[in-house]
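Consider the two complexes below, in which chain A is the common component and chain B and chain C are the respective partners.
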Partner chain A sequence: MISAFRQVIQIARLTFLEAVRQRFFNFLVLLALALIGSASFFRNFDFGPQELRFISDFGLGSIVFFGSILSIVATAQLFFGEIENRTALTMLAKPVRRWSFLAGKVLGVALLMLVFVGLLTVLLGAYLWWREQQLIAIYHQAFLDKTWPTDFPDAQRVQFGGLALNALLQWLKFDVLVAITMLVASFSNTNLYTVIVSFFIFLICQLQYIAHDNWTKISSPFLRTLAWLLSKCFPNFQLFAVGELLVFPAKVPVPHLAVVAAIGYGALYIVVFTTLAVGSFRSREI
Partner chain B sequence: MTIDYHSWWWRQGRAGIVIFTTLLVVGNLFEPLQTKAWNPTRANQPELNFKDLGDNLGQGTLLGVFGGFRNILADFAWLRRYTFWEQRDLPNTIAMLNLATTLDPQLQVFWDDGSRQIAYDIPSWLEFERPRPTTDAEKKAFAEEYTKFNHDQAVRGLEFLDRGLQFLPNNYKLLLDKAEIYQNRLANEPGALEEAAEQYKLAAAATKQVYYPMRQSIRLLWSLGDKQHQFEAYDYLKSRYPNLPEDAPDAQKSVMWDTLQAMEQVLKIPDADRTHFPKPANYSSDPDFELLPDTKLGDS
Partner chain C sequence: MAVPAIRITNLTKDFRLGLRGVKLRAVDNLSFEVADNHVFGLLGPNGSGKSTTMKVILGLLEPTLGQCEIFGLRSDSVEARRLVGYLPESPYFYRFLTGRELVDYYASICSVPRAERGQRVADVIELVGLTTAADRRVGTYSKGMLQRIGPAQAIVHDPRLIILDEPTAGVDPIGSEAISALIIELKRRGKTVLLCSHLLAQVEGVCDDLAILNKGHLVAAGSVGELLRRGGQSNLVVENFPAAAREEIEAVLARHGAKLRHIDEARVALDRLFLEKVGPTEKHSKDPV
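Our next item is the complex of A and B:
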């Protein structure tokens, strides 16, 4: 068993190294970094009064958007790379179990996503901190000069602990998506098919909350059953947005238990989808 | 009939059933976890709450997919709306208004400006769309159509603001917009001015810095002419007056004091029941300021 776990770690390490060398990963990281860096430019198009909230929303949007693409594409590429190059055959001919191979792949891509989310969150945090210091100084001076009635409001201050917690939640969401993509890859024959199907599943997971909140209100028995099945068979990706509420003081306080529940929910779904992927991969002909 | 246990259909079908059943069971088992995390998220993002699936499904797609980019997309939709507005393109203007407010419903300016476009701008487009009426019959038909369109747009503007107030409850600017639509666009309809006065009162109650809605409510109630509404205006001012600051020029405490005296005179309030509020410390009468129509101030 211990050797099997060593194999998982080893495969994860190799998968991660292979992934960070991919041009696609580097391109997405650069694109996301550029978007976060240009948030101030996009602020010119904004009609809202709170600059820090805009920068934060924009940065978190970049992380979610590019992170979702990366989770799906990187997982599919890394899996089918092994199949198409026949390295999977060589590897599995040795005493490497199929579950070790798949779990190692999932862990490797999860590490990749950790680097991606961590890097972008650190940059976003640094940018927000720099701008917040500037705004606090401007507000404070105006308050002292009596040209502005209030000092910098607490409601607009960035909660950097919340930003870090949000990064953790987003990372978990990406890992669920990685496990889902691995499940699709485990029974599909092509990279393209895996990417397309995974993307549609991602969309369903993003919209699962509509079915979850509304299935009881649907009158048609067929649609009602369909909505119920959708709400039960797919994870709710919107609930990871609870992390976004932690970056600024929320209107309705977010209980700690909600964050713990979201973390547990994400972790359990990673295990469930990886287990299903392993089960499906065991009966696959390579 | 024999089953080929090695066939593709059998293997894939069995795998599909196992995956489906597992996810169904897991979905039910994880439901409490989902509820715990989902409820606070939904409570903080009212735009995620849909009353029914029907018309909102498209909006749900937008909200669900774009995540953090919603704000910037809302801004672009808002800018795009200007182009359609300049071209007097009604369906696209409304579509962009709805898109912007769906993507970012917390932004007051979208509701504020949008309601004015619906209630004030769009009715005037009818004049550009229809050929200029020449005969009396045509003029009458156009007037009827214009009146109806005007009414419908005013009602749509009010409905738009009501939607905005769901996301920005008690926002004094949106309440003020509602009052102004009742007063300016529906003034000829029964009960509209009373409703406008009520909305002004709500707007006045929703802010501590702006006093104009309070004065408008008093003025409107008084101008209705009957004693019941004039007493209502008097009681309302009597209740608000003690809390008016003396050092805020916009509160116009002196004028309000004059108004109270004038009201008591016109309504013939017995001396024992009058307010007898002391004159404001920095009292300065403004004889040109006519808050109450046809009632001269500063006589008392």
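Our next item is the complex of A and C:
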């Protein structure tokens, strides 16, 4: 069993190495970096102390948008690359269990997403810190000069710990998406089908909260059960969309327990979808 | 009695096609054994069931009926696959790794101890003649070099059984000769080799036994010597054969109740002539580019 886990790590490492050498990953990273960097154009508008919120929203939005694309496309591409190039044949003819192979792939893409989210969050954090220092100095001076009624408000200060926590939640959400894509890939025959179906599931997960909020209002027991089941089958990605509440001081702060619950929720779905993918892949003919 | 390297018993494999699940029988009630430390040729035209049989042996496909064992172990078990090295047809490897990294990766996947791994990798790379190209990326390798790095990854964990699927596909005669030499060397080291090839001259040259499949059925099996022997006929190879001697020989043969069927001019095989003319030189044999 120890050797099986070691194989998972080795497969994950190679998957990660393969992924970071792909042009698609580098292209998305550059594009997301460019978008975060382009937030400096906000300085042309006078947002006042709210400027940091705009920069943060813009940066977090870029991470979510490009991260979602990368999670789906990279997973599908790295899985079907192995199948189409028949490297999976060579690998599975070795003393490698199928679950090790699939878990290694999931872990490899999860590492890729960790680097993606980490890199962009560090850059966004650095940019926010730099701009925050400037704005604090400007507003403090304006306050001293009595051209601005108050000093820079604490409510507009960035909570860098919250930014890091948000990165962790986003990474977890991307990993759920990776596991979902792997489940689809485990039974589908083409890369394109996997990508399209996974994007549809992503949309359902984004909108799942509507079903979740409404299933209690349905009068028909059958439909209510169906809506309840659907709301459990697809994870609610809105639970991870707490970026602004974490990055800036909120009137009602996010409880620590809610963050821990969201982490557990994400981890549970990753385990469930990866287990289903392993079950489906076990009977697949290579 | 020694446990055979491979024992296939009444193997049948069906594939379901399309939505209606139409059944296609790829292999039908196949049984044969491959003896330990033998080189075994698995022959057959395209679609004869060779690849399906090999995938069952490798545990990549589940048989519909029957069973397959490797050294007495179920072929789909991880324990059995520890004993097997596999070279797929037209191998594709991770292009971004160097040859050494690739072989090292497969060695680590096969749980070769870290302390032994470096030396083991160097040894197999030398055995396949890729030492000078070992630190180049696989993406820069020629087809011949890819065909050589393939066997290296297949044997790096020192398996007892090596399965080679079309190892000479698209390889020039020098490369083919090198692979034949490798197969003979593996046998000398006590390994069993299952060779699947359309290069019949090579199969004849290196295999001890063979099986021929057609449309999923076994149509011939046995030792190469037995299968290729023409009963009641012999060849004589004569140097400086004078035309005048022919009548005398025919008369002698007639006295013994035999008959001279025909006389051919002795010819060298084309691949042998090619090798005599162009190699294998030291460079070719060690480092084909």
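Please note the rule applied: the second predicted complex is superposed on the first by the 267 of 286 C-alpha atoms of A that agree within 3 Å, B and C clash if a C-alpha of one lies under 4 Å from a C-alpha of the other, contacts with A are read in each partner's own complex, and residues count from 1 in each chain.
Keep this in mind: contacts are C-beta pairs under 8 Å (C-beta built on N, C-alpha and C of every residue); 3 or more make two chains touch, one makes a residue touch a chain.
Quick caveat, the model's predicted, so the values are computed rather than measured.
Partners chain B and chain C, once the complexes are superposed on chain A, both fit on it without clashing. Put simply, more of the residues of chain A are touched by B, taking chain B and chain C as the two choices. In the superposed model, A:Asn85 makes contact with chain C only, not with chain B.
When the two structures are aligned on the shared chain, A:Gln206 is found in touch with chain B, with no touch to chain C.
Touch criterion not met for A:Ile136: it reaches neither chain B nor chain C.
Of the two partner chains, chain C is the only one that A:Ala93 touches; chain B does not reach it. Contacts of A:Leu17 after superposition: chain C is touched, whereas chain B is not reached.
Using the contact criterion defined above for the overlaid structures, shared-chain residue A:Leu114 touches neither chain B nor chain C, since it reaches no partner.
Minimum Cα-Cα distance between chain B and chain C in the superposed model: 5 Å. Common to the chain B and chain C interfaces on chain A are residues 283. Considering their complex, residues 11-12, 15, 18-20, 22-24, 26-28, 30, 33-34, 36-45, 48-50, 52-53, 57, 60-61, 64-72, 75-76, 78-79, 104, 106-107, 109-110 of chain B touch chain A. Remark: chain C residues 15, 55, 58-62, 78-79, 81-82, 84, 86, 88, 90-94, 96, 105-106, 108-111, 153, 157, 163 touch chain A in the complex.
Here chain A touches chain C in the complex through residues 3, 6-7, 10-11, 14, 17-18, 21, 85-87, 89-97, 283, 285-286, going by the rule given at the top. Of all residues in chain A, those touching chain B in their complex are 42, 45-48, 54, 57-65, 183, 187, 203, 206-207, 209-210, 212-214, 217-218, 227, 229, 231-236, 238-239, 241-242, 244-245, 250-255, 257-259, 261-262, 264-265, 268-269, 272, 276, 279-280, 283.
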